[in-house]
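Chain lettering (A, B and C) follows the sequence in which the chains are written, and residue indices restart at 1 in each chain.
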Amino acid sequence: MLRHLIQPLDFTTEEFEILFGLADDILQNPKKYSEVCKGKLLASLFFEPSTRTRLSFESAMLRLGGSIVGFSDAKVSSTAKGESLTDTLRTVENYADIAAMRHPKEGAALLASKHMTTMPIINAGDGGHQHPTQTLTDLMTIRHYKNRFDNLTIGLCGDLMFGRTIHSLVRAMNRYENVKFIFISPNELKMPKQFLDEIDPENYIETTSLSDVIGDLDILYMSRVQKERFVSEEEYVRLKDFFILDNEKMRHAKDDMIVLHPLPRVNEISTEVDNDKRAVYFEQARYGMFVRMALIMFLLNLEV
Amino acid sequence: MLRHLIQPLDFTTEEFEILFGLADDILQNPKKYSEVCKGKLLASLFFEPSTRTRLSFESAMLRLGGSIVGFSDAKVSSTAKGESLTDTLRTVENYADIAAMRHPKEGAALLASKHMTTMPIINAGDGGHQHPTQTLTDLMTIRHYKNRFDNLTIGLCGDLMFGRTIHSLVRAMNRYENVKFIFISPNELKMPKQFLDEIDPENYIETTSLSDVIGDLDILYMSRVQKERFVSEEEYVRLKDFFILDNEKMRHAKDDMIVLHPLPRVNEISTEVDNDKRAVYFEQARYGMFVRMALIMFLLNLEV
Amino acid sequence: MLRHLIQPLDFTTEEFEILFGLADDILQNPKKYSEVCKGKLLASLFFEPSTRTRLSFESAMLRLGGSIVGFSDAKVSSTAKGESLTDTLRTVENYADIAAMRHPKEGAALLASKHMTTMPIINAGDGGHQHPTQTLTDLMTIRHYKNRFDNLTIGLCGDLMFGRTIHSLVRAMNRYENVKFIFISPNELKMPKQFLDEIDPENYIETTSLSDVIGDLDILYMSRVQKERFVSEEEYVRLKDFFILDNEKMRHAKDDMIVLHPLPRVNEISTEVDNDKRAVYFEQARYGMFVRMALIMFLLNLEV
């Protein structure tokens, strides 16, 4: 049966285990997998630019021995000539074996996937909506450092209102036993009620102070406050510096706490923190590539 | 001898047969050809964007085991610095084994080809002029479904005045025995006289009604009415909806008629037709990739 | 130890010899090297467009059997979201084995290289500053035709004030014995004093007449007068045509003089000269690809 990855929770926790187990094996034995996608084509369809995500997918496919066709910008696509998204994807299905697709419209990947007969679609971000491979990346990193998804206290800091990667990560982690969430944000950017309602009230608290809670955390997930979310420049400047992580705050954190960030970072993590061994946000990008390799294999039903 | 493909009729009907025979064999035995271009480079030189054509060429080369260098947009090329097209191509000839080139100026591919000593040039579209691999795609699709090029009645519908793919297809089909053309268009967009003059008057008719003639057709070739051809928005809107193909019209067509379209489609074919087995325009894109694979092999003198 | 190529003279003359010897062997036995980079990824990071340089690097990597990820334009990169260059490069380091980087800011490649732990950086041009692989290309071409770097008289003609490739070539050639420089330019575009000061006064002369000196040259290095350097259109037009090379001037040159040009050429070399066997500027682009192949192998410590 043709499978896609449209939303972060399209896979069961059992499927997550298969995926992360495979990603881990690829990480440890890259040579073993270096030709598993030989002769296969990934369509890299970025209807809006996202260099980081695109490079991760393309590197993943190339490191499996596959090839890439695609575009990195909407202006270059046929939709500029009035073509429907469905038609574009049905055409690409003739060329490629699997597609990673980024689109500014919510639901674009889901719509496209409904018309496919042979080509799995990976949602590489659709508007402010879903970005499931970022969630896989976050989980893979947690699994690598903590070796479990249960019995963890995770702090989520910054823009909790608009941060789609945070919403998805919370939902994914909430599927495991005894996970405590600490939501750290200015009042203007609090976690939306619809997401809080899904969590047992005993399993979360909300706070406006990173310093007060950092000592309790196993994981600190920092997020960027996106300029484009704010109505005025002043409002942006006032809020973005609110919850900056620096060495002083890190002094109060556990020795084995890890700091995650989906990147790009602007200034919400001071660069002085980069040299702290607990800062693993650059390594995180690396785990993202490996989990995408596993995902491509999984959706193409490939084994070594 | 160095060969190029600049115009649709650069190849004889005998060479067409070699090409389509090879394309057919690749289609049936893709594995056999998956490394035939190993170590070869295709320069994908798109001085204006054309995602569909570019992806088809690049997929073709990659599925032969070759690699791609190039650009998808004029702004990114050295011609922006005042370099002549000839100089750009002579430089690229040092890097690549074969080139697919799209350019907004008529005659650009021909000019470039005259200065090459080792690198075959494939014209991937030059202005409103020629687009020979679209013609190869159309013919390959006809051959696949009809198993012949002679004794066919083909209807061409839509913008017959400016549609270069239609002009080329008519010329190519007119080389075969007993091919009847039915030209279906509004009076404002009729087939130009210069093309009609090449056809035996007994072998074509002109009409403004798709419904009247659809029952006679073995092949219906639909075409997009390009917005950019019209002087006013009103004129465009009035004409573009004139000859829309829908299920009601399809009821009167033969059971084995096939519907072709070079794509992208806007609304000249209602999406309800997509599910009709006679609608083969998405499959057509697939045959386009296979015929481009054959073409690359042909121009590089490669065999398996 | 992790090595980068940031400035043209980062390598000793002994290392140059290793590099050019390797490039020469690749040129003569390309098959031997066609899989040496299998499984390796080059990050092609062009924060400003430079098609010629980019295609040369990408062709080089592909001809070694490696793969490419990257971007050809700043607008498409994460720096647009306010990310620091260092963060971008640290992320890319997770995906790629080696990077070629072009950036409009002087010193960008050097800054990036300081934060790398596994990925060699090749400076593919930083602002008006350095472009070391062009220098390697120039030297490789000289070595190919002259079989030596010493005892040569080299004329440098055109924009000597702003031409970074000329500054670098002069510094590189000045490391060899008995190299004479003849600087040919309008007074407004003379070689800057800081570069002249590094040369033994007996080893150079300055002139405003190409015709007067062309007969003495073993090598004539022509350069483009870049429009963007001038304050007014009139000033540009007046100066750019000053030192045009044509067949009449070539009549007075030695039979074995070679004409180099970094390309793109606008009109400083008349196209009639292209057919002269001494005009080797298109071949030069080819040697550039081979020396980049050698460079990639050198920095990745690869051998066959």
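For this structure, a couple of remarks:
As a convention for this text, contacts are C-beta pairs under 8 Å (C-beta built on N, C-alpha and C of every residue); 3 or more make two chains touch, one makes a residue touch a chain.
The shown structure was predicted, so the numbers you read here are calculated from the model rather than taken from an experiment.
Following the contact convention of this document, C is the list of chains adjacent to both chain A and chain B. For the pair chain B and chain C, the fraction of shared interface numbers is less than half, so the two copies use mostly different residues to meet. Put simply, the C-alpha centre of chain B and that of chain C have 40 angstrom between them. In chain A, no residue touches at least two other chains. On the side of chain B, the complex with chain C involves touching residues 39, 41, 43, 67, 69-71, 75-78, 80-84, 87-88, 90-96.
By the touch rule above, chain A contacts chain C in their complex via residues 31, 34, 49, 51-52, 55-56, 58-59, 62-63, 65, 72-73, 227, 263-266, 271, 282-283, 285-286, 288-289.
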